[in-house]
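Labels run A, B, C and D following the written order; every chain starts at residue 1.
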Amino acid sequence: MSGIWGKNLKLSIFGESHGKGIGIVINGLPAGLELDFELIDKEMKRRLPGRDNISTKRKESDSFEIISGYFNKNTTGTPLCVIIPNEDKKSQDYDKIRELLRPGHADYTGYMKYKGFSDYRGGGHFSGRLTAPLVFAGAIAKQILMKNNIVIGSHILSIGHVQDDYFDLAQVDINTINKINTKEFPVINEEKGRKMIELIQEVKSEQDSIGGTIEAAILNLKAGIGDPFFDSVESKLSHLLFSIPGVKGVEFGRGFEITKLKGSQANDQYYIQNEEIKTYTNNNGGILGGITNGMPVIFRVGIKPTPSIGLKQKTVNIKAMENVEIKIDGRHDPCIIPRAVPVVEAVSGLAVLDLIMEHGGNFIG
Amino acid sequence: MSGIWGKNLKLSIFGESHGKGIGIVINGLPAGLELDFELIDKEMKRRLPGRDNISTKRKESDSFEIISGYFNKNTTGTPLCVIIPNEDKKSQDYDKIRELLRPGHADYTGYMKYKGFSDYRGGGHFSGRLTAPLVFAGAIAKQILMKNNIVIGSHILSIGHVQDDYFDLAQVDINTINKINTKEFPVINEEKGRKMIELIQEVKSEQDSIGGTIEAAILNLKAGIGDPFFDSVESKLSHLLFSIPGVKGVEFGRGFEITKLKGSQANDQYYIQNEEIKTYTNNNGGILGGITNGMPVIFRVGIKPTPSIGLKQKTVNIKAMENVEIKIDGRHDPCIIPRAVPVVEAVSGLAVLDLIMEHGGNFIG
Amino acid sequence: MSGIWGKNLKLSIFGESHGKGIGIVINGLPAGLELDFELIDKEMKRRLPGRDNISTKRKESDSFEIISGYFNKNTTGTPLCVIIPNEDKKSQDYDKIRELLRPGHADYTGYMKYKGFSDYRGGGHFSGRLTAPLVFAGAIAKQILMKNNIVIGSHILSIGHVQDDYFDLAQVDINTINKINTKEFPVINEEKGRKMIELIQEVKSEQDSIGGTIEAAILNLKAGIGDPFFDSVESKLSHLLFSIPGVKGVEFGRGFEITKLKGSQANDQYYIQNEEIKTYTNNNGGILGGITNGMPVIFRVGIKPTPSIGLKQKTVNIKAMENVEIKIDGRHDPCIIPRAVPVVEAVSGLAVLDLIMEHGGNFIG
Amino acid sequence: MSGIWGKNLKLSIFGESHGKGIGIVINGLPAGLELDFELIDKEMKRRLPGRDNISTKRKESDSFEIISGYFNKNTTGTPLCVIIPNEDKKSQDYDKIRELLRPGHADYTGYMKYKGFSDYRGGGHFSGRLTAPLVFAGAIAKQILMKNNIVIGSHILSIGHVQDDYFDLAQVDINTINKINTKEFPVINEEKGRKMIELIQEVKSEQDSIGGTIEAAILNLKAGIGDPFFDSVESKLSHLLFSIPGVKGVEFGRGFEITKLKGSQANDQYYIQNEEIKTYTNNNGGILGGITNGMPVIFRVGIKPTPSIGLKQKTVNIKAMENVEIKIDGRHDPCIIPRAVPVVEAVSGLAVLDLIMEHGGNFIG
């Protein structure tokens, strides 16, 4: 029953999609940090719908208000609370289907967990909207990480069966990341990107939706971060990544593919380059024994298709306890992947910052 | 820097492969539980090497000694500490390659994290041997879960490219699990099982190793367990699963395959059966919004090939800081997957028990 | 660096005295609880200044706004966030003495911890105002506890040298509590209460302040709550009580007086009454080995005099690093004890609820 | 139900008085620390009974065995587990009074919490013996703190009504501490010390026991350590201090006496000395707003008389549920205070180290 995460950096999330607002309290930020609001805005906008014709028509401005922990243009070191008021709520959209369990959503599980008392409007606390405060917090994490030269970047690896090129696991560098970051639709292979957009428009026209994967890289993490038990880098990252609505798979390095390799192929052999220890390959995604080895940390996240679709589906009226059909109207994303990119980066930044803070040090100067 | 995990059930792990012993302290067990030592022994033996000619020749008897928390044939409710003394240690095997970083192992990352002070013998705290206390604790978790009718079962889904049949996600039941559990080499399709064993023997003869995947199912979890943020069932399970040495991927339900589906295919539509709400399919693996929906919880774990191989590999002498070659002698598993099966089940049991304890209740009577 | 507390009931506090607002996020509340706003208002008002001529002239209406976790007149089970906007702020009062460290306050320690970046206005995050959200949360805890028949009551035990009668440790009951609760100035002996008020007015006229003690009782806790290590009832209660600004001492049962007794006097001997095990005396304050024994849990809290006084004091200008004098104008409480009473009860209720939730169960119906 | 404590330094305690052994797992120790076994032995011996004729005749050698986390004369950085085997157990002493609740002990509360399944022999997990692993861990904490120039010292402030001199709160320094540390019976005023010993012998001859207080000082903590909410230095220290069996009161600085002062007397006024900010007095015991101010951190702990006395007492046979009398034979301390001194210092060291680690840094070199 907990909306709290973290050890050194502690988050406390709250809010429902159609309530007064959503927000987050961030504990453990260093004092004396001037927030980079340009970066925060940029990250928040990446998550916003309505930028193009492939996402929901809902307007979410996600304008935020910092309630505490920021004074005279600096973090105070005390808990920073931010609230994002809810606007453009169309609660009546949901009232009429209130008792109908939307397949693929948390309507039923939330009903069971909260005994029928959860806010059902717009998914309530389960809404993807709750990722907005995570992106806010993640932008601050990114800012602090960048001061320590640590960079996070990601691209859409696939939409349905359309597949982008993979990162070169051992070679991905700041140039790779910078190139992707300038793109509106972040893919390596733009031709594939166009096909992805076509596919999204196609499923949209069918009133259907489609899933996809995101591949992310974290650069310049020093060797020695993380724990064997029980806070491996993989454990920490996956814990937060699996909190993102819709994520059903997480893999590191070569991931599930590594299971098909022989040890002689999978092992990342070592060599010395400029007095530093490197590996020729990076099948382990920069993590051995739960601890970083100085190579890029690379992982992939699988996200299911948006459950809200216009097509007719079989479901149950939980009050009447009878089989019925449902057709979900309203404004929905045919594909959530593009909007999930900044969320994946945000929680990765938060997880990594928490891990690094374990080692103390000053993350400002 | 933490060897502690859990909220309601708290584990504290300790030990190094070639030190005096390894062990675990389990907090939060109910008082008055008579341990099922037959089950514990059975689970511990499943993890042991040397049962056949496809695993290491090392002998690990894993005889354990309960130090505290058990009195008059019952748990006392206070911390239960168990120690597994180390035997059959051949530390000299490791001394001669002490400064050579074994590719794929945590030698380098442990060296960096612990500044050269970690116990390098046999992997030290990173050793797969540390999973023995997890299996011990997991057996107790399983016993408690079984009293609540909750059952965990798993099979080897693949070794290299040889693939077993998948669980039928919506239909897997206690019969499926019981059938697998009687098998020495737990697969659904025995023909595939034989091919897996052949493959393992083949890579062994090549002094190489091979990876694989495990598919697990947790049956009879009631709907309503887990959290949207930040302790989703996926988060809790993946956190522990990624603490198992060698795990590089975790996926739930259809996992990464769901990303290729359309919403109309991926959504698990509802119907009523015997006054209970069920789904026709189970692509979400029994979890929606981080919370169980009453369907089987199903997930897959990808494990890399054993890093210890007899073949020559390039590496670095970290003391001399020069490029060298390494050939790892000693007794190693050509494939760790069969021995990882009980470990996957153990940590799943621990994660699920911790989640269920959130709801209070008496897990004994 | 943490504003988060609790295991089963988790609090996340935030805010500065003169910022936009202060608030708290409460995790772990059961779903389906209709909040008793009358009780919340009553508790909030008990903490408010300005009710009489013995407290500050500042107006704090402490009107609160529930942001999340409450829907259709019921808790949803998801995080409940409440914000109390700040009003009647006179920040200029503080600006002129900004660099002068107020003796007895956290100006210097906050400066050192937060490297000069903390919000210095009105004590910022250190302000006694931060106890308002605690009282809000505590009122909810009290409501839940009352449904389980658990009652918390307290009285002003002393102001300076003026001493109220003590609770009869073994006999304090619901009548004792109810009698105190009806009083504006909660003491057992009203004559002593009048003398306390006189003393407060006296120190006020001297532009000085005075400290005092509060004695509290928690009734009807069942035997068996709490832990030997490390979450004894005393540990849990003292942890939160020492978070209340100004608290410098906490004792249970006979407290420090028990140290002067012999074992034959201190031991609470047992007898059976109505099939229940009772003790003749209650020198241990209802707690043995960190666990409740079913007798009233009784403790005392010592609170220092308000540091803000009108008299001239020696201090340091931290910017100029020179010795100076300070005279604190503004509206301050000559004695904080009466307003601290509901705060002590609030955090006690929160600590006790967290402990009880350890045992699971339904705290609503 | 938790035997785990700490954030950066994490302890996991286990064991019962008459089981196989007691012990602790310490997480978060830096790698590369050569343990000062002389200091550990010294601290362990201070806790041992049988040094003189004022404590129990039981022999506890408290010889310990380090199971993990120590290799090649250095901490490895992984969990350090130490076990102290139990010897000289006379379990039959307890068997005959098994069903009789010893007044003042945790027999009844333990019975209720653990439903009759706790190990009743010698207090089981509630035994004062469990403080031995705390002293072991505390000695390591002390060693690390000393490398950072932080020193902890304490003296017996009172036994019954016999009172030692108080620390001079603002002046206590390393010389004060060193002088006390050389004494077998640590008091400031030796004349009072003799009277204390006389009193202890007197109550011993009466088959009774007596309580007392300990005053402790922590020197050279930098200003800026601790938190306003919810981990004030007072909260952290009191949490652990109240886990020591028998502790019923904790106060900081002037403690409960400060409640009788006016603000003009209680406030610690500032001045500059050698470019450092000091206070003339130290009524706040070195802590303001939960955070250290650089002055000595001073606190007092009140400990009740040993519950085990030879005198006849009224109690209950919990099986027969009838009123009976009990006379406790066996070897018991007439006064536990002298043996509690190193325990108070140990947990203080652990609490302080955990707080300091919050600020990162290297505690070894």
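Throughout what follows, contacts are C-beta pairs under 8 Å (C-beta built on N, C-alpha and C of every residue); 3 or more make two chains touch, one makes a residue touch a chain.
Nothing here was measured: the structure is a model prediction, and the numbers come from that model.
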{"item": "From subunit B, the most remote chain by mean C-alpha position", "value": "C"}
{"item": "Distance from the mean Cα position of subunit D to that of subunit C, given in whole angstrom", "value": "26"}
{"item": "Approximate Å spacing (C-alpha centroids) for the pair subunit B, subunit C", "value": "46"}
{"item": "Multi-chain contact sites of subunit C, meaning residues that touch two or more partners", "value": "1-4, 7, 13, 78, 113, 125, 228"}
{"item": "Arrangement of touching chains [line / ring / star / complete / other]", "value": "complete"}
{"item": "Of subunit A, residues touching subunit B in the complex", "value": "1-5, 7, 11, 13, 101, 103-106, 108-110, 112-113, 125-126, 130, 158, 160-161, 203, 206, 208-213, 222-232, 234-236, 238-240, 242-243, 245, 247-256, 258-272, 275, 277, 279-280, 283-285, 287-294, 300, 302-309, 311, 313-316, 318, 321-323, 358"}
{"item": "Subunit B partner contacts - residues on subunit D that touch it in the complex", "value": "1-4, 8, 10, 12-16, 19-23, 25, 27-28, 31-32, 65-69, 71-72, 74-81, 83, 113-119, 124-125"}
{"item": "Complex contacts: residues of subunit B adjacent to subunit C", "value": "7, 78, 228, 357, 359-361"}
